[in-house]
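One chain, subunit A, appears in both complexes that follow, with subunit B as partner in the first and subunit C in the second.
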Partner chain A sequence: MKMNKRKNFGITAYIILLMLPIYWLLNMSFKTNQEILGQLTLFPHDFTLANYATIFTDPSWYSGYINSMIYVSMNVVITLLVALPAAYAFSRYKFVGDKHLFFWLLSNRMAPPAVFLLPFFQLYSSIGLFDTHIAVALAHCLFNVPLAVWILEGFISGVPKEYDEMAYIDGYSFPKFFVKIFIPMIRSGIGVAAFFAFMFSWVELLLARTLTSVDAQPIGAIMTRTMGASGIDWGVLSAAGVLTILPGLLVVWFVRNHIATGFALGRV
Partner chain B sequence: MLKNKKYPKALMLSMAVSAASLGLSLGAYADQYSDAAKKWVSEEFETSTLSQAEQLKEMAWFTEAAEQFRGMEINVVSETIATHEYESNVLAKAFAEITGIKVTHNLIQEGDVIEKLQTQMQSGRNIYDAYVNDSDLVGTHWRYGKVVSISDMMAGDGKSVTNPMLDLDDFIGLDFTTAPDGKIYQLPDQQFANLYWFRADWFEREDLRKQFKDIYGYELGVPVNWSAYEDIAEFFTVSVKEIDGQHVYGHMDYGKKDPSLGWRFTDAWFSMAGAGDKGLPNGMPVDEWGIRVEECHPVGSSVTRGGATNGPAAVYATEKYVDWLRKYAPPEAQGMTFSEAGPVPAQGNIAQQIFWYTAFTSSMTEKGLPVVNEDGTPKWRMAPSPHGPYWEEGMKLGYQDVGSWTFLDSTPKKRRLAAWLYAQFTVAKTVSLEKTLVGLTPIRESDINSQAMTDAAPMLGGLVEFYRSPDRVNWSPTGTNVPDYPKLAQLWWQYIAQAASGERTPQQALDGLAEAQDKVMMRLERASVMATCGPKLNEPREASYWFNQPGAPKAKIANEKPQGETVPYKDLLKRWEGARKE
Partner chain C sequence: MNKVSNNKAWWLVLPVFILVAFSALIPLMTVVNYSVQDIFGPGQAYFVGTEWFEEILGDERLQDSLGRQFLFSAAVLLIQIPLGIGIALMMPTRGKRASVCLIMLAIPLLIPWNVVGTIWQIFGRGDIGLFGWGLNQLGFDYNYTANTGDAWATVLLMDVWHWTPLVALLCYSGLKAIPEAFYQAAEIDRASKWAIFRYIQLPRLKSVLVIAVLLRFMDSFMIYTEPFVLTGGGPGSSTTFLSQTLTTMAIGQFDIGRAAAFSLIYFLIVLLVSWLFFTAITHLDKQK
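Then we have the complex of A and B:
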């Protein structure tokens, strides 16, 4: 009993510590700039929704969220479509240089995104992809595909090869087997891979900002406009910050069950 | 063969119908644009230095000039201040309705604007069709040859789309955007200055005035020199301490290791101390960055190469910055950035600030603030900044930020010219007074002298009076001595921070800075990337050689704290008013 109490206390303290910055962000998003700068208040004394109204009524603000969501979704779909067959191949077949290739894939992630900035910019501008959603989605694939392949390979190797053979004997064609039998068996892995792809793409700013100007501008780039020569618009910046947390929360909510099993089974 | 006798008739009829409908649609188009112009002129651009008829004439010119670009979509970008917000939300929309050219006026942080501009300059790929870029980069643009000069455009491919009512002579910031080759490289779009800010209500209080005179022997007033500023700072922080039950400070600044610490210095700090040479808008041959130029080539910034970045005046200025921040500013100022420190005086416990941007004017006149009276008039005033002991008559005295339209040669011609039209629209006399009243960043002499500005003056704490004064010309942006603004400006905050934190002495920090600047310029020289007037560094020689030459770098003077000097704010206004009438 005593132990439990102490444990509860520890967990509560830990959660409070974790939640404090988020509470503060939320708190600031409902305050006027005058209150934020003028005094220290634990909750909004002069409650306002004006900061959110600024974002929701100005297309140049909310289009940033739409742009980010579009390229992030594209990225997750492309990553999974590419990584699933690749991971299957790495797990099931032996070919010359497979181990080297597998490691090389991951080494892509070891270079910081900034290294790829200029080549990507040059490439995309010359083929007319600059300032498009697909440009950012593809650029993020460079980092997400290797990670997804590694995660999925772990899951796939966890499924005995006998399943593949049994399905074959039962008369399943390969595509049918893959979609109907195999994918459901590794769905936790897919959930985890999708989650990581989403998270990387959602928070990555450097590439997303450099490869866009107007039509595919990410929310992170738009948020910088709260900083001007006449100070920072803290209220709107906080409201924008709160709104950027929400999609992440939703995704975590949907994959929460898979993630627990996912982490246990996979290599991550 | 059956002849269709009706054919010619049908043809004639259909031709007539189509001609009529074409005429109608052209007429309808013309109506649509002129209706839009009428609507905008009568509903939004009511306050203007032009009559309504002149405004409509100007708008009709825009409609006509834009005909060849109708249906185009162009993208321009600028930093975020109230003026650009107005352009992005109101002017871009008006322009689209009046001309048929759709403009996306994107707003991002200033650092990001420069990053995009550099990316486009270096890669030659079009990102934005026009940029509003501070004229501090004029030396960069002129040297690299990647910017289309406004003068060339107006005389060349943009001749037919240059507004005959543009009236370039009316712009107050044109000197700042003109390179030594005599060409205008950028078109000013908004301007704000960096001035002295003080609590006029406290400075008027008899008890405080008496107390000050008893201690320092002269009147409390607007400081003319740094000695007086220092005395007043000490007076409020050390002697007064408390006013109406509130703890007060005689100085405010910021000291966090952050890029904004660099602006604090590159903008004007050394020029105020008097580190550079005489000359307006910027010192020649040595400017306020301490960079010496010989026959248009930058030759060095270290004293040993004839520069003044680490000269005695610069060291003095840095020492004062560090001392005052420690002794007289609120303790938290040391850990603040530009944007965090900016709103602090509005909270009502700061008596004066030597380095204050007029961009904060509107946020400091909001009702309910401790620095605003019941009737909405400010309790504070702005005035010319005091100068340091090295300063001499004929030198610049502060900074002016001049955000200006900039066009790159890598933008396709048609898009560039459409953007040129939009740029002219945002500064056209039809709209510029209304824009000035919203953003308080005047660019035209005619707007400054307008009745509307006279009416607004009591609410603006001296902004209008300053812009109408002859002193205005002493406030200028970075000039043409700086060969690559982005590369050199980023060095400053890192070295200044060493002095601010006490890690190194001001002399050591500035020696490091001067050397780093020379290294960058040496690299630029070796790479010969500049189309014209690139750096050609002097060989280092004894510092004494340079100190014995006239002008900057100046040798250390014996008394760096002469007698403090102040002037009553009212006398200052009177002098300005008198000078205006002459």
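Then we have the complex of A and C:
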């Protein structure tokens, strides 16, 4: 019992430390700039929603959120569509070059995005996709597709092969079996893969910023741009930061029951 | 699982192959192409062989930034892996408290990286940030924009805050997969806490720890956005890591040949070190 108390104390202390910087951001976002710069206060004395109002009424701010959402959703859809059949193939069949292909895919997860910066910029400019959402979505596939294939392969390998054979005997064609029977069986795996694709696409900035200028500019780029100007509007910046945390919270809520298996990438 | 040999499976892999080839092979070939040429303008490119590589390898700015990068990644691994295991061991295993813990732990991972930088930029400031203000009140002369040591400490602390939850979540899922019978057997043997950890929990954590070490090494080695927002690489160039040096070279100065040679060396280092980690860990596995 004594051991448990110590454990509880430890984990509580850690979570408090973990939440402290976020609490501070939240605190700042409800303050006026006079209060922020005037005196350090632990909670807003002069509570205001003006910072949030600025973001929701100024198109140059809120369009950033919309742009980010668009390319992230595109990326998740593309990633899942191509990764599902590939993961099935890797899990069920031997074919020429399968191992090499798998390792080559994974090696792309190790490529620093900075390496691809210049060629991506030129590639997407030359095919006329610069400053579009699809360009960022495709660029993010570089690290999301290998990861999704890897995660899904783990989950699919956990489904006994007898199911495939039974469906075949029952007269299902492959596409029908895949959509009607197989996908529902690995839906937690799909959820986890989507979660990771969302996560890495949502948090990435370097590629997203380089491939866009106006029409598809992500919220992160808008935030860093305002930072260079003299006299930073700390209140609005904090509010913008808080708003970028919310979509993540929403997604994590949906997969909360699968987080534990999900983080082991389906392979424990 | 015994797999069936079937080359038609290539059709299922083809979309992935095309997509990744488009977004990885073409750019990589472009980089290789640039790295051996001197380009003055359209149609005015000259083959220079390994000149850029020789120049880059002798570049002091690059060597410094490479040294800093290795130091940073080593510190990240040394702090985050043990800390993550410790946190995973402390976490409640079931019930509502467990899911609350999991969600809280996942939050830092879902914050955009530039916002992580912003959070710590605000949090660490002496005038408006709780952390910086608190340290100053305690009598420390803390200022992350002026002192090299403070800047390093803040970047490291930020990374620990940001990524230790990933290690903890990985270890937690590894621990959850240990069957109850193992602990019951340990109880019958009157094994100590340490013995349980050393001979039951740690060996079972190995597969997730491989993932954790590899992910943390790769991602810390590519770090760009967070220190860029927090310190801008300063003071001086004390927190400028490889990605930032490369980005400045490629986009800022448009020094294409040199940046391309740099890119290839960078990529090769990541691949090599990841491979070393991977073989070292799997080799240890075989010795037992």
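The rule we apply is simple: the second predicted complex is superposed on the first by the 250 of 268 C-alpha atoms of A that agree within 3 Å, B and C clash if a C-alpha of one lies under 4 Å from a C-alpha of the other, contacts with A are read in each partner's own complex, and residues count from 1 in each chain.
We take it that contacts are C-beta pairs under 8 Å (C-beta built on N, C-alpha and C of every residue); 3 or more make two chains touch, one makes a residue touch a chain.
Since we're looking at a predicted model, the values are computed, not measured.
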Partner chain(s) touched by A:L129 [first = subunit B, second = subunit C, both, neither]: neither
Touched partner set for A:V72, first subunit B, second subunit C, both or neither: neither
Partner chain(s) touched by A:I55 [first = subunit B, second = subunit C, both, neither]: neither
Touched partner set for A:L37, first subunit B, second subunit C, both or neither: both
Partner chain(s) touched by A:L18 [first = subunit B, second = subunit C, both, neither]: second
Touched partner set for A:V236, first subunit B, second subunit C, both or neither: neither
Partner chain in contact with A:T224 - subunit B first, subunit C second, else both or neither: both
A:L206 touches, of subunit B and subunit C: first, second, both or neither? second
Subunit A: partner with more touched residues, subunit B or subunit C: C
Contacts of A:L80 with subunit B and subunit C, given as first, second, both or neither: neither
Where subunit A meets both subunit C and subunit B, residue numbers: 37, 118, 121-122, 210, 224, 227
Contacting residues of subunit C [partner subunit A, same complex]: 1, 3-10, 12-13, 15-17, 19-20, 22-24, 26-28, 30-31, 34, 87, 89-92, 99, 101-115, 118-120, 122-123, 127-131, 133, 161, 165-166, 169-170, 172-174, 176-177, 193, 207-208, 211, 218, 221-222, 224-225, 229, 242-244, 246-247, 250-251, 256, 259-260, 263-264, 266-267, 270-271, 274
Subunit C-touching residues of subunit A, taken from the complex the two chains share: 3, 7-8, 10-11, 14-15, 18-22, 24-25, 28, 36-37, 40, 78, 81-83, 85-86, 88-96, 98, 101, 105, 107-123, 138-139, 141-142, 145-146, 149, 157, 161, 199, 202-206, 210, 219-220, 223-224, 227, 234, 237-238, 241, 244-245, 247-249, 251-253, 256-257, 259-265, 267-268
Complex contact set, residues of subunit A against subunit B: 33-34, 37-38, 58, 60, 118, 121-122, 125-126, 130, 209-210, 213-214, 217, 221-222, 224-232
Contacting residues of subunit B [partner subunit A, same complex]: 75, 77, 79-82, 88-89, 104, 106-112, 116, 119, 123, 125, 127-128, 192, 339-340, 342-343, 346-347, 357, 359-360, 362-363, 366, 368-369, 401
